[in-house]
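In structure tokens below, several structures.
You will see two complexes here that share subunit A, one where it goes with subunit B and one where it goes with subunit C.
Our next item is the complex of A and B:
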């Protein structure tokens, strides 16, 4: 629930999603759900020569389970709020 | 009005909780390692790390000599979400680098 809320606050910002198959997609975070599935708008593949699969794709839905990393804007959210929320979480949930 | 946080360490996740705002070392699947500042985590070990350096290790084998050549590639990311299902272990940084 913590990261679901975090990503909801990040909607509208530019992120880069790196998948487990090494594909990296940059786009605007459109929406997220409880499984951390992600919808991106205005997408472009980071290494277009290496991954020409999605040259014409502009919006995509990414299943949460295939994500390895999400590169985030450093000033996206208040870091102290994150610290406090994390300290409260992860207790035999 | 203030809620007292339980400071007792009861389960493994509590040990990670002690490292919030500290630098940690994370070993991931696919021979990857991360070092960064822990900002947040949850019970799945999803994490947000700041000022992180990723190290990817590959081993090439020479066809003739069968010699193993270990290579590492590194990169830095200012702010990173890591999905928990790739995490193998979490620890304070091992001071070898």
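Our next item is the complex of A and C:
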């Protein structure tokens, strides 16, 4: 639930999603759901020459279970806030 | 809306699906459910290789189970029409490894 809320706050930011099949997709975070499925807009594949498979795709839905990393802009994150929230969540659990 | 990523907006659109075994299947999204199982009509698989241009295998009406789905992309038909598939060379996508 913590990360769901966290990603909701990140909507509108540019992120790069790296998938478990090594594909990396850059785009604007449009929405997220409880399974951490991600919808990206204005997408471009990071290494277009290596992965031409999505050249004509501009918006996509990424299943949460295939995400390896979500790369965020460094100033888009309030690390202290996240740190506190995580600590509280850990205490609650 | 930030809280529900529905696939409703993609119904009746041409989409490109990347499956967990590394395949790329293109077709018209006819339906989906809460678990993201999807129904794809007029589907064809695009096979990329490093030796020859892209091959297309026609599949017809398909149901793709949600646990095999990686990415569902909205295909921009204009962009897609501008691609020269006979010239594209690429390694096939890798399968998803958990």
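Following the convention adopted for this analysis, the second predicted complex is superposed on the first by the 89 of 93 C-alpha atoms of A that agree within 3 Å, B and C clash if a C-alpha of one lies under 4 Å from a C-alpha of the other, contacts with A are read in each partner's own complex, and residues count from 1 in each chain.
One rule holds for everything that comes next: contacts are C-beta pairs under 8 Å (C-beta built on N, C-alpha and C of every residue); 3 or more make two chains touch, one makes a residue touch a chain.
All figures in this text were calculated on a predicted structure; none of them were measured in a lab.
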When subunit B and subunit C are modelled together on subunit A, clash or fit: fit
Contacts of A:73 with subunit B and subunit C, given as first, second, both or neither: first
Which superposed partner A:19 touches (first subunit B, second subunit C, both, neither): second
Which of subunit B and subunit C A:6 touches, first, second, both or neither: first
Touched partner set for A:50, first subunit B, second subunit C, both or neither: second
Contacts of A:87 with subunit B and subunit C, given as first, second, both or neither: first
Three-chain overlay, closest Cα atoms of subunit B and subunit C, distance in Å: 6
Common ground on subunit A, meaning residues reached by subunit C in one complex and by subunit B in the other: 20, 65
Subunit A contact footprint on subunit B (complex, rising order): 5-6, 11, 13-14, 16-17, 20-21, 39-43, 46, 48, 50, 77-83, 85-86
Residue numbers on subunit A that touch subunit C, as the complex places them: 8, 11, 19-23, 25, 30-33, 37-39, 43, 49-63, 65-66
Subunit A-touching residues of subunit C, taken from the complex the two chains share: 1-5, 7, 10, 16, 18, 20, 22, 24, 36, 46, 48, 66-67, 69-77, 79-80, 83, 88, 90-91, 93-98
Subunit B partner contacts - residues on subunit A that touch it in the complex: 1-3, 6, 20, 36, 64-65, 67-74, 76, 79, 82-83, 85-93
